[in-house]
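Just passing along the structure, written as structure tokens.
So that you can tell them apart, the chains are marked A, B, C and D in the order they are listed, and the count of residues begins at 1 in each.
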Amino acid sequence: MKLTHTAAGTFAISPTPFHDDGRIDDKSIDRLTDFYTEVGCDGVTVLGILGEAPKLEASEAEAVATRFVKRAKNLQVIVGVSAPGFAAMRTLARKSMDAGAAGVMIAPPPSLRTDDQITTYFKQAEEAIGDDIPWVLQDYPLTLSVIFTPAVIRKIVMDSKSCVMLKHEDWPGLEKISTLRGFQKDGSLRPLSILTGNGGMFLDFEMERGADGAMTGYAFPELLIDVVNLSKKGDRDGAHNLFDAHLPLMRYEQQPGVGLTVRKYVLQKRGIISSSTQRKPGAAITAAARAEVDYLLSRVARVDKRANLQPQSSAAG
Amino acid sequence: MKLTHTAAGTFAISPTPFHDDGRIDDKSIDRLTDFYTEVGCDGVTVLGILGEAPKLEASEAEAVATRFVKRAKNLQVIVGVSAPGFAAMRTLARKSMDAGAAGVMIAPPPSLRTDDQITTYFKQAEEAIGDDIPWVLQDYPLTLSVIFTPAVIRKIVMDSKSCVMLKHEDWPGLEKISTLRGFQKDGSLRPLSILTGNGGMFLDFEMERGADGAMTGYAFPELLIDVVNLSKKGDRDGAHNLFDAHLPLMRYEQQPGVGLTVRKYVLQKRGIISSSTQRKPGAAITAAARAEVDYLLSRVARVDKRANLQPQSSAAG
Amino acid sequence: MKLTHTAAGTFAISPTPFHDDGRIDDKSIDRLTDFYTEVGCDGVTVLGILGEAPKLEASEAEAVATRFVKRAKNLQVIVGVSAPGFAAMRTLARKSMDAGAAGVMIAPPPSLRTDDQITTYFKQAEEAIGDDIPWVLQDYPLTLSVIFTPAVIRKIVMDSKSCVMLKHEDWPGLEKISTLRGFQKDGSLRPLSILTGNGGMFLDFEMERGADGAMTGYAFPELLIDVVNLSKKGDRDGAHNLFDAHLPLMRYEQQPGVGLTVRKYVLQKRGIISSSTQRKPGAAITAAARAEVDYLLSRVARVDKRANLQPQSSAAG
Amino acid sequence: MKLTHTAAGTFAISPTPFHDDGRIDDKSIDRLTDFYTEVGCDGVTVLGILGEAPKLEASEAEAVATRFVKRAKNLQVIVGVSAPGFAAMRTLARKSMDAGAAGVMIAPPPSLRTDDQITTYFKQAEEAIGDDIPWVLQDYPLTLSVIFTPAVIRKIVMDSKSCVMLKHEDWPGLEKISTLRGFQKDGSLRPLSILTGNGGMFLDFEMERGADGAMTGYAFPELLIDVVNLSKKGDRDGAHNLFDAHLPLMRYEQQPGVGLTVRKYVLQKRGIISSSTQRKPGAAITAAARAEVDYLLSRVARVDKRANLQPQSSAAG
């Protein structure tokens, strides 16, 4: 089922699992897919920045995307197709869709600066992949160093009918959500799904500002799902109470570079991926960091039992 | 009393208070100084990035620094003297020290890239201000876009006897503290005070990694003081419990640009500064953000009564 | 006489002359002013990037601007007032105009990215200095890392009646001149003086595309004047012949950082400034570079006798 | 024959020729290879920045590299293998060498900042491709925004025995050549080939500072060859005379972005490539620019007959 502007809920950003020697770990892909499905995610986004996409060869990327798509049953798969050139972007996009992906996600190259450069780039990207593929606009200035104003986002969306979702990851970004929803109210912007990233660090208020859900890689997608649902039900205090219990760990994960290290460690500890290896360049988790994460997990577990990880898995670290 | 490498505890980063029309508000400077003293800060840092220093004329900067210094009794005052050129840096540094400041703080200009450029710059800065002035090295890549490796910090410190403190504000930065403390253990780095910034977001673990205290602008310096003290006493759970109660608000403050807006709003609400005005370019707090901060304050207040702000001051917002 | 949109011809960018010990050299300021007047410049721009403006204290900048203005008789003086904050910008602008400057020049701070940030900045700058001061918009992405599209320049100009000139220094920039002149033809942009920089490296074609003249620091402003005049007379081959004779030296000067070193060396060799000293941070010319410049001068002198510098001045190097 | 540190002379940087519809133009690849051989180039570098490498899919890049290699007889082919990840870099490097390439060229990713990040990256790159492949270090800060000090270059070279050449493209860069050659004299750096880029803009002095030759994409490689040879023979004036005649055109080509447009236009005009098409994103040459290039060609042709292009080819523009 193709992605539409009605998409909502929680889309987990999945890491790409490797064996200790750096080969892609297919069985862990399957377990990740099953895990995201079982906990109740609405979708999963693969080959994003968290997914170490640039470290894969083109053929590997196609294989990873296809494996996720084939395994996923009640889960929409979005494939990150950002690439240095449109030829590679097109090929991965079309192969992913042919395999059954719901849509693709496109980030801007860091060289873009002016409003015109940005809108032109996404117009050309849409032409490259074809306007029959639903796509997600990734707005992530901290890492990508490209700044979209709300008006630029509106222009991109209005110029491309197949752009159905904003991955919102500006920081600060709360006013941006309010402004975009305001554009929709005044009729200048058509309906658009907004899912938020930033490791979940502002999910509590992002939902209150009008986001449709979360798209991020926090190692407990259950928490994202619950906060999204509590918020949609209008249980403000409930949402914040649960959110606040996880915030210390979430904050720890939201360290540039370190984040992936921590997430792979936790997912390994949860028994979902078999190795926390990253391809080079990439850091290993230090003993001190591992102990800090374990302490944070134990503190989260006082409120949320799901963080009470099994002792046998601690050996895997 | 001049700053030395034994400095520790909590140094608040102070905003510069303005009247609604943008003039400097001397009475609020006095109240800020008294407030920081009363709650138990060890020092205060003025004319930093939070202090809107580049928006002041040279004569205004000298007046602000002098007013803080004259008012402070049991509080060491550090004056930010970062400037586009060494002539202006020298003048402000020497006038501040003549007025009674404890030391000065220097940030790198954003144009520095290579290790050599960085170490040469700070060597020249020390020559410019004179080697009799104790100075603080500001390591803040997120905003300044200059990256110091631990080895570069070591070289700067070993090249300049008057460099007595690191304002640690890298993100991620925990391993950097461990590495620097390791350098001291292996004898390659002399004693150095390390106070941490980043809005306090990692203060819990920074203390455990070996920091001497906090230097940041969180609007409740009381919390920073308590966490530093609990941590030094070895009460790990106590430190984390208190820290976690404030983390949702701290996280909200730690939004680039928005942070100063929120801090001025809270300090005004606390009755310490009379206006939350910033000089241009600078944003005003939106109604939505104000309501979110108020909600967060009310949630902190459930655990920490000090966040239970008096109703009369809410009128000031 | 205040600067207007009819300004044309050659405005030299002047370095700031220092004594060997770094103090400002007033007599060399006088000689520079006289020299620019005698060779036939229409104006001189002081305290620009070439003028090491950020290395001066506020009081020094005012003194330098005033000295140039007081000495200049038949020469319009434009004062660079770019500053980290609007307060300092306003003070220097107003004092310069009070002393008799023709106008001021404003460059964007490197942090600006989006079209909105850029146009808002210049609107606030105009408000800060007052709309009675004619000002020059500096478009210099190579050094300032801010990119103006032609449409953004148009908006800035149309938003501020006191913006009378563009210092054009984009690279590549020929199409930008054509586009802006096209805007004027279609009525969407009001009359605007365009003087070009880039060390003169494209002056030949910039004139043909519609520039009004040159504003740059090449150490032989005589050449700029001649090329501008030949081009205006329609003597295309004559303009290129003379231009080409100087291009090897011009190209040598147009090395980032090195350029100022070379220009001060040549101006000293010409007997105009008494020292080639720069304030720190700043490089000295190497022996190898000096010899290369001397060789280039001897080659230019085969075509243009004015490059045949007196032997006594070579001792000054 | 594999590339060694004794490589010298002129290595042309080749564009990648496309048909008007964007498909790779194999016959033009053959003509380019023959042309570079016939005029006397020592080598050709393909899939560099000029070669629009990021716009090709992995399979296309392999095909282009292989076609150049197979066609080249007395010409060493260097293949640009810079890639966002090491997996893709390795595959292209090994396939190119298997096909008969002389070596590969590697540029740093723009995210590198500190000396350690840079040296670590190239150590990992060498491990990725295997230490049996001779490689060229590309130092091009203007476009890549990574700054190598001479000491960093030395460390990279001393850490990797298979690094045999520096593509020198810093600006300014003359002192860097002198410093590196000084390192070799003092014994701290082993022998290293240095070929220079920057569109040839400083080739005259680069040779005098100790470069071994040129590696750049100027559309008249004959000029590069002649200047390199005259300089090696010690005919300084002869080298400069010829160089100066081409400098106005060379300068025109050395406009970021525009350069490729001009070079493809001239190569098409010379009858070597059949279309001047670039893949998106990429600009077409304007009518004004075409006329300017034609005028410059006619001026060069007064001194160098080789620039007197045949009338029939002008129709191709």
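Throughout what follows, a contact is a pair of C-beta atoms (placed from the backbone, for glycine too) under 8 Å apart; a residue touches a chain by one contact, two chains touch by 3 or more.
Small disclaimer: the values here were computed from a predicted structure and weren't measured.
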Same-site or different-site touching of chain A by its copy chain B, using the half cut: same
Chain centre separation (chain A, chain D; CA means) in Å: 39
Length of the line joining the C-alpha centres of chain C and chain D, rounded to whole Å: 33
Distance between the centres, which are taken as Cα means, of chain D and chain B, whole angstrom: 48
Multi-chain contact residues (two or more partners), chain B: none
Overall pattern in which the protein chains touch one another (line/ring/star/complete/other): complete
Chain C partner contacts - residues on chain D that touch it in the complex: 171-172, 174-175, 178, 201-202, 204-205, 208-209, 240, 243-244, 247-248, 251-252, 255-258, 286, 288-289, 292, 299
Touching residues (chain side chain C, partner chain A) in the complex: 113-116, 147-149, 151-152
Residue ranges of chain D in contact with chain A within the complex: 54-60, 84-88, 91, 110, 120-121, 124, 128, 279-281
